[in-house]
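Each of the next two complexes has subunit A plus one other chain: subunit B in the first, subunit C in the second.
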Partner chain A sequence: MASLKLENISKKYPNGFHAVKNLNLDIKDGEFISLVGPSGCGKSTTLRMVAGLEDITGGKLYIGDKLANDVPAKDRGIAMVFQSYALFPHMTVEANIGFGLKIRKVDDKIKREKIQWALKLLDLEGLEKRRPSELSGGQRQRVALGRALVLDPEVLLLDEPLSNLDAKLRIKMRTELKRIHKKLKSTIIYVTHDQAEAMTLSDRIAIMNKGKLMQVASPTEIYNCPNNKFVAGFIGSPPMNFIEGSVEMIGDDYVFNYNGGKYTLPKNIHQVIKEKIKGKDVVIGVRPEDFDISLQATDNAIKGVSSVIETLGSDDYVAVEIGKQLISVRIEPGSTFPLDQDVYLIPKANKIHMYDNAKD
Partner chain B sequence: MADDIRNNGRFYNIYRSFKKNLFLFWTILPAISYIGIFFFIIAFFLINLSLTQFSGGQAVLSPTLANYLNIINSQEFRDAFIRTLIFVLVSTPLQLITGLLFAMLINKEFKGRGIVRSIFLLPMAIPTIVTTAILLLFFSKGGHATSLLLGEYAWFPRILSREISFINNEFTAIGISILGKVWRDTPISMLILLAGLQSINKDQYEAARTMGSGSVKNFFYITLPLLVPAISSVLVLRSIEAWKEFIFPYILAPSYPILGVLIERYYVQLLDPGTAAVIGIFLIIFIIIGSAILNWLLEQARRYLVKV
Partner chain C sequence: MKKKLNKEKVIWLIMIILCMAAVIFPIYIMFKYSISDRTSWITGGKYPIPWWPNKPTFEMYKYYLADTRFWGNAFMSLQIALLTVAICMVIGAPAAYSLSRFKFSAKGVLIFLILSIRLFPDISSVIPVAYTFNVSFLYNLPPVVKVALAHSVLGLPYVVYIAQGVFETIPVDLEEQATIMGASKLYAFTRIVLPVALPGLAAGAIYVFLLSWNEFVFSYFITATSSVSIIPLPVYLKSLFGAFSPNPVSVATLSLLVSLPVILFTFFVQKYMISGATAGAVK
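Our next item is the complex of A and B:
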């Protein structure tokens, strides 16, 4: 296993497109880190640069303590699982798993042992002689994983490996991956656009947008303290609510003006406003579960109108209209909630996030 | 009746699948009849002809195996068979190799790829008779090739001291015929192989690259096995074409006939359709045996390439 260091890594294509911009990332030995972001954010390009499949046009990549920019893919000690699995359709399961070992001229006995080990680890026993076309999606995915694992890679790179599976199988494979990581303690870089996958699997999450790294932190920290509006909106399902408005100082207090209403912000957010907020136009972000909702008129609350109820089984959400903005508030599951009524929302004091509206 | 069929499971399944696919059967029936009728008519007349002895263009005896016995004992036939076999064994792999090289080149992305592809397709667009005429002009006695090698053009050094008659030498005459055939038909192989290459998922090469496989290993372990269906098509189609070849050796190697040319000689020049029909039947048998051997070899090769 190895640690990784990405120092100011950039990727600029000949047509001028800047796919990755000055990315800095330290990945610890044995860490499971996810690169998350919307399509085209540069996460797969970053992974491919680490793999050696894409040239690095700027910055330095260290695998262990060795500079690896110009090291060919095969000598980087990495193994990669592709979104399409990239299995060899003409080879059986065991030939697929053993391909890398065959190329590396590994002794026949050791090769067979390793193939058996992978088949057992990934629950593929009995399928050795099958071709990929005779396997289910989940089985193919495991063959692809096995093919990577038998090489004992220093770093395992996974490029959206679960995205071709159905929802149920995806959750099962998620647990499998976690189990394998726990057992093998390999360093894993996992690319996904699915924030739920990243949250459940990773030790740390690196969120990217438009080629830039937005935040790197543990799933809990990312969820609770997103350091910009993009991260706040990307992580969480349903996503964080954003209410646009402006902030002004009245006496000792900061007051948030929104859609004709006023809400006096709690004291603990004053420091954030002083440090981070440059302009007058702001957005406050509150997660659906961080509101207290009431039908009784309350002095300091955000006023809206209850509109519809969404039932997910484990949770119910009520959509509240605040002028033209629609926000989602979690309520007790199974409770009946009157619709088309004035409601008063009180955000939990330490759960309010505030961002400059212009900047992000 | 239906009960009887039901009692026998296997036949019942065939009956059921036939019933299920009845519509499909009706749709392909015209094609089957068309091909079938022509096949049977040709086969019938061919066999009939082969069993008839001719003299001076007139049928004199039927049925008789005389034509078969004559051909089996004929040195001319054996020579023609060996020449044809050499023609097949040399021109088929050559067409595969040139076709594969061109297909791999065109499969790469580069500027002007469309133009290069058009140039590669050009030989197919030129009428065969024109191609043979050009080769004849080039290689016949006093042609450009001899002039060139004798140093008659200032820009090329003299290589030969006396003229070689390319057309009157068995080795060179058959060689030139093969050259013409390969040049003319390479685009067909190229197109079949290009389609095969384009169906290979690029991720497979990248996956192999991360596992330590270089271009040569990629070619042998990925490209080649995945191209086996396309290669099989090329080899089978091109070898059949080579067995049947006529025009190139007819013009360029008239003194050294291969089987196709021999058929023409017996049928047209010697007015002996019976013997020509026997050679035709042997040719069909050779094609069937040749294709069967080829398919077996290809299957062995594929198995070897995908071994663990």
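Our next item is the complex of A and C:
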């Protein structure tokens, strides 16, 4: 196992496209880190640069404490699982798993032991002689994982390994991956566009957008303290609500003006406004579960109209119209909520996020 | 349940029958003549030639199958065809691989140029080709090699075209995976790409084999100028047309003997020619 250091890593294609911009990331030995972001944010490119499949056009990559920029892929001590699994269709499960060992001319006996170990670890016993076309999606995925694990990689790279599985299997494999990581303590870089996967699996999450790193932190920290609007909107399901408006100082207080309403912001957010907010136009972000919703008129609240109810079983959400903006508020599951009524929303004081509207 | 024959179906059926007739009728005529006895084709104009021989006989087959000259020529055709396949595959497959994998400018033009060889009628390109074979060092090559080289000119565009399509269906992921696991480019190509591409490449190989086996124009112009007595089968067939009108029985028999292996071969490998092997590689 090894640590990994990305220092100002950049990728610029000959056609001028700047896929990754000055990425800095320290990955600890044995850490499970996810690269998350929308399509085209540069997460897969980053992974391919670490793998050695893509040239690094700027910056330095250290695997362990060795500079690895010009080390060929096969000598980097990494293994990778592709989104497509990339199983060799003409080889059996056994041969697929043993392929890397065969190239490394590992002793036959050790090779067989390793293959058996992987088959057992991944619950693939009895399928040794099958070909990939005779396996289910989940089995193929596990073969691909086994093929990577038998090589004892310093770093394991996973490129959206679960995205081709159906929803149920994906959740099962998620748990499985976590179990394997706990057991083997490998350093894992996991690329996904699914924030739920990243949240459940990772020690830390690195969120990328348009080639730039937005935030790296633990799942809890990212969820509770997203440091910009993009991160705030990307993590969480349903996503964080954003209400556009402006701030002005009235007396000692900051007042948030939105769509014809006024809301006096709690004191604890003053510091944030002083430090981070440059202009007048802002958005405040509040997660659906961080509102108190009431039908009784309240002095200081955000006023809206309840419009529809969405039921997820474990949670119910009521959609509230604030002028033209639509936000989602969590309510007690199973409760009936009157629709087309004026409602008053009070965000929890320490759960209000505020960002400049011009940015991002 | 009673099958309904509506108008539309009848029209389709007639088309199929017409198609079958166009294919089978010449073969039938060929076969009929090949087993005809003398009275069935020399009627002196008095009687019409019968649709089926009066006394069917396999005499001519026996004659050719016992003829060492026939076997010598057949063996030469086989050698030429196999050599042509080998040349086309060794040159064409790597060429197709680079066309499908590497990005370079004017790729489209290059593919067009390769295919454009087939735009000329054989009869117009045969003269420069045969001339080249006669005036250069190629003249001293054994006839088998000469004809195979000429056939390769005809076969290569097909191989490149077919193989390029085959390689494009093989995901790059497979090679990248092999590379990460420690394989060199060559190892990944020979152990991963080639085996997966094999059924597709086989289609190209079979096509070239048939092309070479059936080819007449180039074989004729290249072998006719040398004094060898052994010649490819299609040229041998032509040699039956001497100064006099040929015996239709021997022409028909030889024609069938030349085409029969091809017909049987195609029948058995046609499934193989269209199969793909990438199932299960990528979901």
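Quick note on the criterion: the second predicted complex is superposed on the first by the 360 of 360 C-alpha atoms of A that agree within 3 Å, B and C clash if a C-alpha of one lies under 4 Å from a C-alpha of the other, contacts with A are read in each partner's own complex, and residues count from 1 in each chain.
Rule of thumb we're sticking to: a residue touches a chain if its C-beta (ideal position, glycine included) is under 8 Å from a C-beta of that chain, and two chains touch if they have at least 3 such contacts.
Predicted, not measured: the structure shown is a model, and the values here were computed from it.
K.L.:
Mind checking subunit B and subunit C on superposed subunit A, clash or fit?
P.N.:
Here the two partners, once superposed via subunit A, clash with each other.
K.L.:
Considering only touches as defined above, state whether A:Ala73 meets subunit B (first), subunit C (second), both or neither.
P.N.:
The answer is both, since A:Ala73 touches subunit B and subunit C.
K.L.:
Counting only touches as set out at the top, which of subunit B and subunit C does A:Glu154 meet: first, second, both, neither?
P.N.:
neither
K.L.:
Looking at A:Glu176, would you say it contacts subunit B, subunit C, both, or neither? Reply first, second, both or neither.
P.N.:
After superposition on chain A, A:Glu176 lies in contact with neither partner.
K.L.:
Figure out whether A:Arg104 sits in contact with subunit B (first) or subunit C (second), or with both, or with neither.
P.N.:
both
K.L.:
Touch check for A:Thr92: first (subunit B), second (subunit C), both, or neither?
P.N.:
In the superposed model, A:Thr92 contacts subunit B only, not subunit C.
K.L.:
What is the contact status of A:Asn164 with respect to subunit B (first) and subunit C (second): first, second, both, or neither?
P.N.:
After superposition on chain A, A:Asn164 lies in contact with subunit C alone.
K.L.:
Tell me the contact category for A:Ser84 with respect to subunit B and subunit C: first, second, both or neither.
P.N.:
The answer is both, since A:Ser84 touches subunit B and subunit C.
K.L.:
Let me test your reading of the model: by the given contact rule, A:Leu135 touches which partner, first (subunit B), second (subunit C), both or neither?
P.N.:
In the superposition, A:Leu135 touches subunit C alone.
K.L.:
Report which listed segment of subunit B has C-alpha atoms clashing with subunit C; options: 5-13, 149-157 or 167-175.
P.N.:
167-175
K.L.:
Using the superposition described at the top, list the residues of subunit A that contact subunit B and also contact subunit C.
P.N.:
51-53, 73-74, 78-80, 82, 84, 86-90, 99-100, 103-104, 147, 151
K.L.:
Would you tell me which residues of subunit A are touching subunit C in their complex?
P.N.:
Residues of subunit A touching subunit C: 51-53, 73-74, 78-80, 82, 84-90, 99-100, 103-104, 131-135, 137, 140, 147, 151, 164.
K.L.:
Under the stated contact criterion, what part of subunit B meets subunit A in this complex?
P.N.:
201, 203-204, 206-214, 217, 221-222, 225-226, 228, 302, 305-308
K.L.:
Report the residues of subunit A in contact with subunit B in the complex, numbered from low to high.
P.N.:
51-53, 73-74, 78-80, 82, 84, 86-92, 94-95, 98-100, 102-104, 111, 115, 147, 151
K.L.:
Could you pull out which subunit C residues touch subunit A in their complex?
P.N.:
171, 173-174, 176-183, 187, 192, 195-196, 277-283
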